[in-house]
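Below are two complexes that have chain A in common, paired first with chain B and then with chain C.
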Partner chain A sequence: MNRDPIRALVFRLTAVTVALLVALSLLAGWSALRSFEQALFPELRLKAAGVAEELARQIDRALDYGIPLTELPGLTETLAREAAEHADIVHVAVEAPDGRILAAHGARPAWLAAPDRDAASEYDILTPLTSGGVTQAWLRLSLDPGWLTRASGDLMLEVASELLVAVLITFEILLLVVHLSLTRRPTRTGAPRPVNLVFLRLPVFLFCLSEELSRPFMPAYAQQLAPTAPWLPVDLAVSLPITLFMLVWALSQPFGARFSGRIGRGHAFVAAAGLAAIGLTMTALTEDLLAFLVWRCVTALGYGIALIAAQGVAVDHTTPADRASGLALFIGALLAAGVCGPVAGGIVADQAGPSATLLVGAGLALAAAAALVLLFGRSLRPVPSAAAPSPAASAAAAARTRIFPRLARDPRFAALILCSAIPAKIAATGILFCLIPLMLAEQGAAKAEIGRIQMLYFLAFIIVSPLAASLADRWRTQRGFILVGGLATLAGLTPMALPDAAWGAALAIGLFGLAQAMIGAPQLTLVTRIAARIEVPEIAAIGWYRLLERLGGALGPLLAVALAAIWSYREAALGIGLLCGLGALLFWLVYRGTPSAALSENSP
Partner chain B sequence: MTMNHQTGGYALALGAGGAIAFIVAAAIALALLLAFLKFDQRLLEISIGRLGLVTEAVRHQGETGLALGLQLTELEDLTDVLRRAAATRDVLRIEILDTGGQVLFSSASDSVGARIETQALLADASGRFRYRTQGDELLLIARLHDGDGRFVGEVAVRASLAVQRKELEQVRLDLLRSAAPVIAAALFATLLAVAMTVRRSALGDAGDEPGDEPGDVPGRERP
Partner chain C sequence: MISLSRRQWLQWGGATALALSGGPLAADESPERVWRIFMVLGRGEGANEAGFKDYLARRGMKVEYTIRNAGGDPGRIAEILKEIKDVCPDLIYTWGTPQTRGVAGTWDDPRRCDHIRDIPVVFTFVAAPLDARIVRNLERPGGNVTGTIHIAPVEAQVNTILAYRSIQRLAVVYNPAERNSLLAVEGLRADWNRRGLTLIEAPTPLTDGKPNPDDLPGLLASCRDQGAEMLYIGPDTFIATTHRKLVADTALELRLPTFSVTELIVRSERALFALSSSSYGIGRLTGVKAARILLEGQAPGDIPVETLRRFSVVINMATARALSCYPPLSLLNFAEVVGL
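Right after this comes the complex of A and B.
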C-alpha cells in the first residue's frame, strides 16, 4: 500500500486543529455576539427615538396649521423617505387614537404584538402627534429585529474568514514543524540530506502574502492619489498601477530566470524580496501618483524575480518524475497566500489604513527572505548545470532559436492564447483586482468586506482546480473544459447585476473563481500537446504561454476601466465576461476545425 | 519503537503541539479582538446616525435661511435653534463655522470666534458627515451650502460618548472574562490533542518497513 506517513500526520493534525479552532471559536463568538447585541440595542432605540421625534416635529407643524392628518398631502411619502434612510427601521405608521392606521410604510413583523399604543413591544417607539397640547394621533416606529441579526451575521462572516486564514496559516506552519522535526533525525547512511522542498512553501507564502495584502484597496488608493497628476485621466490613473505591475512582472521573468541562475536562487530570492520590501515601503510613504507608479514597478520587479527564483529552486531540486509535485508545492503556497492576503489586508487596512498595510507587506517580504535563509542555509548555491531550465528561462532561449514564430504560426496555439488564455487573464486582473474593489468601495463597503469577496475567487480555485484537472485528464476533454469554463465565466458573472451589490459580487466572484479553475490545467495540457505535435521543447512552449497570458493580464485593468468609463462597473464586468464566453466559443470552433487536434483529443 | 523514534516523537509532539496551540489560541484571541473592534465601529456608526439627526436638522434650518438670500453671518436667529438642538441627549454644543473653521454662532456663547480644526476628519458610512473622536468626545461636521449650491460653512456638533464608552468598557470586560477560559482551554486541549495524534502516528510508524524515512523525500506533500 502506498502510504505517506508525513502526509497522513499533517492531515490528522490539521483535522484536529480545525475541529478545535471551529468549536472553540464558535463558543467564544456566540458569547461575544450576545454581549454585543445587548449593548447595541439601547443605542439603536435611542436613535429610532430621535427619528421619531424629528418626524413628529414635522407632522406637528402641519397639525398646528390646522390641516387634518387625513388630508395632509405626502404623509406616506414622508414616512417612506425617513424609513429608507434608516436600515434599522422596518415600519413607520401614523395611527388614529382608535387604532386605525392613517398612513404607513413597511410591514410590521408579524411576531411583534398587534398595534396597541398601551403595550408597545421593545421594538416599537410610540410618539404622540399633538396640536394645541392635545394628542391627535400616534406615530409608531418599529425597529427591524432582523437588523441586529444581520449585523451579527456580518460579524460572524468576518470572524469565519479570519478563522479560514488561521487554518491556512496553521497548515503552513504544521507542514514546516513536522518536516523540521523529521529533518533533524540523522539519515541511516550519514549522507547529507537532499533539499526538502516543503521548506520553500513558507518563504513563498509569506512573500506572496506581502503583495496580496494590498488587493482590496490598491485601485481606490491610486484613485485618491489621482489629483496629484491632473494631466493623467483618472481612469488611467486607477488602472495603471495594476497594469504596470503585471507588465513588469511578465517582462522580468526571462531576466529573473537568468539572474537567479547566475547568482544562485537563494541570493536572488533574498535580493528580490529586499527590492520588493523597498518598493512597498516607498509606495506606502509616497503621496504623488507618479512616484507611486515608479515604486509599484520596483515592487513588481522584486516580485517577479523572487517568484521565478523560487520556481527555479523547485525545478533545480526535482527530476522530471517528481517535478509536478515540486511545482505543486510552490503553487499551493501562492494560492494559500491568495486566500489569506485580501482578507488579512482588508482587516489591517480598515483598522490601520492602507499605508500601514503596505508597510506590513514590506515586513512580510523581509520575513520571507529571512525564512528562506534560515530554512535552506547554504543549500541553495548556484547550480551551474541548471538541471532543467525554468519555463521563463526557456522562453528566453526559445526567442533566440526562433521557436516563437513556429508557435505563433500554429493556429491551435494562437486560438488557445488569443481566445482563452488572454481573455481569462484579462478577466482575472480586470474584474478581480480592479473593478470589484472600485465598485464595492464606491458603495461604501469596508476593505475587509472587499478582501473577503476577493478571497472567494481563490477559495473556489483551490477547491475546484485539482478536481477539474483530474476530470479533464480522465475524460480527455480539455477543449470541452476550456469551452465550459469560458461560458461559465460569463454565466458566473451575471449575479453582478443583482441589486444587492455585496451578495451579488460575492456570488459572482465565487462562481468566477470556479469557472476559471476549470480552465488553467486543461490549457497547460493543450500547450504541451501542441508543443509535442509541432516539435518544439515543451518547457519553451509553456514559457511563451505564461509570458503571453501575463501580458494579457496587463491589459485587463486598462480594458476594465475603459469599459467602466463608458458603461458602469457592473456592465464592464459583464462585458469582460462576454469576451471570455465568446472567446471560448471561438476557441472551440477553431480548435475543432483542426483535424490533428481532433485526432489528439481522441487518441490515447 | 527505537529510542530515536521515541525522542523524535516527543520532540515532534512538543514542537507541533506548542506551535499549533499558540496559533489556535492566537486565532481565537484575534477573532474576538476583531469582533470587538467591529462592534466598537458599529456602535459609533449608530451614535453618529443618532447625532446626525440633530446635525441634519440644524443644517436644514441654516440652509433654509441661506436659500432666502441671507449671508451665513446674517443668520442671527440660528443661535436659538442651536440652543434648542443642543438639549438633545449627549450633545455638548453645536456650532456654525465659516469655510475657514471659525465659529460664527454657538449654543455656548463662549466659543464664538474660536477656530475648529476640520481637517483630517473621517467620512461616515452614509457619506453625509465627517467626524473625529478624541477621548470621549465626538466632533460631527456637515457642510452648509447656499441657494446656489456654494459651500459657505459647516455645522459642527460636539457630543459626549461617555455613556457609549462605559458600555464598551463593560463589554470588553465581559469579553475578557468569557474569553480567558476559552483560550486557556484551547491551549490545553490543543496540546493534548496534538500529543495524542503524534503519539498514535509514532506508534503507527514503528510498524513501518525499515528504511521508510519520509523526511528524506522532498516535495511529497501536495497542497
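Right after this comes the complex of A and C.
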C-alpha cells in the first residue's frame, strides 16, 4: 500500500520502535509481576496473622469465662463471618489439641499438607487458643493459594491492556514525529506543499479519545443522576443520554458537512472541538439529569461536526484513487481511540472519579483543536477548490433529497439497512455502550475492568476488519459475509450467559467485535454497488446509509434497557443478538438472486 | 437467627452522648444561689439519683434535695403533692411511671388542677412516657414535663434475646396492676407475634388489686410446663425490683434462662442477661435536662424526652455456667460480664 519511500521508511521506523517498546515493556511487566507475587505473599500472611490474632482474642475471652469451646454457640458463624471478609482466606478452623475439628468454615485445599500442626505449610497460620496460660485448642487459618494466582492474573491483564494503550499512543506520536521531521525538507519547486494527511491522525485520535474516555461509566453515571428527574423512568434516564448522543450525532452530519465546507474544515473542527469541550466540562459539573442530557447533546453536536469536518479534510485532500487510504488513516485513528479510550478512561475514573474523567476529556478535545491548528496552520482555510462552495453544496443537498426516494424504493438497500445495518448498530450501542457497563458495574467491576472489556471490541475490530474486507472482496461474497457476521454476532454473545460473568462478558465482547468486523466493509461495498445500479452518486448513497444506520443505532440503548427491565442484562444482550442473527438470515433470503458479479467490485 | 450488628446496638438515641460530654462546667448563676429540688422516688435512692446529683454538682450547682418515697402507694402521692405545693421547689424529679403520673398527671387528664402544672418536672425510669400519656410527643413534650426513658426499644430487646438463643416460646411474668408493665407487655406481644413466635403471658393474680409474691413460684413453674424456653422480665417494679431475688432464684431452679430490660436483677441476683442502659448514666442524662431548665432557662416542654445512645448487654456468667446456656461469641464480644 505504501509505495512512497518516505512512507515505507516511516512504517519501518515505527515498526522497529514499537517492537522495541513492546519487548521492553513486556520484560518490565513480567518482572514486575514476579516481584508482585514475591512481595505480596508475606503481606498476605501478615494480614492473615492479624485476623487470626483478633479471632483468637475473642475466643480466648470466652475460654477465660470458663465457656467450653464445644458449648460455645455461634463459633462457626463467627469464623464464617471473618472468612467472608477476606477473599484470600479459604479455610478457618478451631482444632482441639488432638487434631479434632471443633468448628470450621470453608474447605482446606486438598493438595495442602495434611492438617499436621508440626509441619504447618506456608499457607497455614496456626494460633494457640489459651486460657490461664494453657493451650486449650488451635486456630488454623489457611490462605487460598488460588487467590494469588487470580490476583496476578488480573494484574497481568491490567498491565497488558495498559501496554496496548501505551503502544498505540506511542505509535500515533511516532508516526507524527517522523512525518514532521521528514516533510520539513524544502520543496524543490517552491509550490505549497500538499497537505499530509498523516497529520490528521493525531487531532482525530485525541478528539475521539475525549469522548471514548467516558465509555465505561456513562450509563451508570446517568443512573446516579436519575433521582434528580423523578418524572423520568430510570430505564429511560439510563439510555437517553446515549440515544440522544447518537441521534444528535447522526442529524448533525449533513449540516456539519455543509457548515465545514462553508467556513473551512479547520475552523469547523476547532469550533466543534471547542463546543465538545464546553459540553464535556458542563457534563462533568452538572448534578441534574435534565442539564446533563442537554450538555450531552451539545457534546454530540461538537463531536459530529468535528468528525465530519475531519473526514472532509481527508476527502478534500485525496483523489478518488487514494481516497480509500486517506479514509483508512482517519478510521485508524478512530479505532485506536476506541481501544485506548475505555481503558484509559476506566483507570482515570477509578482513581479520580467520573467528573474528573470528563474534564480530562474536555482537555483532550481542546488539545485536539490545538494539534490541528499547529499541524496544519493555514492550509485548511476554505479555498474554492478544496471546500465545496455554497451553491454546489445546496445543489448537492437538493440532489440528496431526490436521491433518498430512489434508494428507499430499492429493496436491496432497504434489506441492507433494515436487516443488517440497523441491527448491527443497535447491538453496538445497546450492548457495548449500555448493557455491558451497567451489568459489570452491578457486579462490582472496577471501571478500568469495564474499559478493558469494551476495548476488546475495538481490538477485535482492528485485527479482523482489514482481513474480512479483503477476503470478502476476493471471494466475491459480501452477502455471505453479512450472513455469517450476523449469525456470529448471535453465537458470539452466548458466552454472556456463562456463570463467570467477567470472563463470559469479555469473551462475548471479543467475539462480538470479531463478528461486527466481518460485516462493516462488505456492507459498504454493497451500498456502492446499489448506488451504481440505480445510478445515484456513491457519496450520497453512503451518506444516506450512514445517517439511517446511526438513526437506528440511537434506538439501541432504548431497546437494550427496555429488554433488560423485562428480563435481565444478559437476556437483553442475547435478545439483541437474536435480532442480529434473524436479521442477517432475513437479509440473506431477501437479497438472494441479485447478480453480484455483474457489477464492478470497486468504486469508480 | 436474627443477626445483630454492633452498629444496630449503637444507633438508638440522639445526641445524648454529646450532651453528656460537652457543655460549660462553670456555674452560670451566682455561687450563692441554692436550688431546691424535690425528689419523688419509689423505694429510696439508687444509682439513678447518684448520677443526677453528680452531674448537677459538676455543673457547680448548690442543691438542697428533699427526698420522698411513694413506694407505689397512691395514698402517699396525695400527701407528697400537698407538700410540694407548700414547699414550691425549683424543680421536681420523679422516678418511675406511677410517681411521675402521680405528680404530673397525664396530658389528657380532666382533673389537671390536682397535679403540678407550674413547677418543672423531670422524670426518669419511665419505660413508655407516650403510652402512659405523660407526654404528648417525645421531641416536644409540651407543658412542664420532660425526662428520660431507661429501657431499650422493644425491637432491640427481642433482637438481643434471639441473638442469645434462637427460641420459639418466651414467657412474660408481670404485675397487671402496674400500668408500665401492661404497656411493656403490649409492645412485646406485638413485636414477638409479628415474628411468628409464641408468647406465654403470665400476669400475677390480684387480690384487692394487689399481687401476692407467694404466687410467683407457681406462676413460673406453670410457664415452664407450657414449654417456655426463656423468661422475660419487663420494667415491672413488683417483679424486677421488689421481688427480684425470689423471681431469679425460682427461674434458676426451674432451669429457665431469664432476660431483663433492667440490669439490677442481673447484677445483684442471678438472672441470666439484660439489655439495659446504666442507671448512673440515665441519672446523668436526667441531670442534663434539669440543668437546661434551671441554668439555661429553657422550658421543659421544649426539651426532648430521650434515652441513652448506648445500651449494654450484661451477662451473669455464673448463671450461664449453672444453666450451661452460654452466650454466642458475637454477643460476648461486646457484653459486660458479671458474676465470674
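One rule holds for everything that comes next: the second predicted complex is superposed on the first by the 448 of 604 C-alpha atoms of A that agree within 3 Å, B and C clash if a C-alpha of one lies under 4 Å from a C-alpha of the other, contacts with A are read in each partner's own complex, and residues count from 1 in each chain.
One rule holds for everything that comes next: a residue touches a chain if its C-beta (ideal position, glycine included) is under 8 Å from a C-beta of that chain, and two chains touch if they have at least 3 such contacts.
These figures come from a predicted structure and were not determined experimentally.
Colleague: If you stack the two complexes on chain A, which partner ends up touching A:Ile331: first (chain B), second (chain C), both, or neither?
Modeller: The first partner, chain B, only.
Colleague: Residues of chain A touched: more by chain B or chain C?
Modeller: It is B that touches the greater number of chain A residues.
Colleague: Touch test for A:Leu180: chain B only (first), chain C only (second), both, or neither?
Modeller: first
Colleague: Kindly classify A:Gly66 by the partners it touches after superposition: chain B alone (first), chain C alone (second), both, or neither?
Modeller: A:Gly66 sits against chain C, while chain B stays out of touch.
Colleague: With the two structures laid over each other on chain A, which partner does A:Gly74 touch: chain B (first), chain C (second), both, or neither?
Modeller: second
Colleague: Regarding the shared-chain residue A:Gly99, is it in contact with chain B (first), chain C (second), both, or neither?
Modeller: It touches nothing on chain B or chain C.
Colleague: Applying the document's definition of touch, where does A:Ile347 land relative to chain B and chain C: first, second, both, or neither?
Modeller: First partner only, chain B.
Colleague: Can you list the residues of chain A that meet both chain B and chain C?
Modeller: No residue of chain A touches both chain B and chain C.
Colleague: Would you tell me which residues of chain C are touching chain A in their complex?
Modeller: The contact residues of chain C facing chain A are 165, 317, 320-321, 324, 326-333, 337, 340.
Colleague: Would you pull the chain B residues touching chain A in the complex into a rising list?
Modeller: So the residues of chain B touching chain A come out as 4, 8, 11-12, 15-16, 19-20, 23-24, 26-28, 30-32, 34-39, 42-43, 46-47, 49-50, 53-54, 57, 88-89, 125, 127, 164, 167-168, 170-171, 174-175, 178-179, 182-183, 185-186, 189-190, 193-194, 197-198, 200-201, 204-205, 208, 211-216, 218-223.
Colleague: Under the definition above, what is the set of chain A residues touching chain C in their complex?
Modeller: 58-59, 61-62, 65-67, 71-75, 77-78, 81
Colleague: Going by the contact rule at the top, pick out the chain A residues touching chain B in the complex.
Modeller: It is residues 4-10, 12-13, 16-17, 20-21, 24-25, 27-29, 31-33, 35-36, 39-40, 42-44, 46-47, 50-51, 54, 86, 88, 151, 154-155, 158-159, 162-163, 166, 169-170, 173-175, 177-185, 187-188, 193-198, 314, 317-318, 322, 325-326, 328-329, 331-333, 335-336, 347, 351, 444, 462 of chain A that touch chain B.
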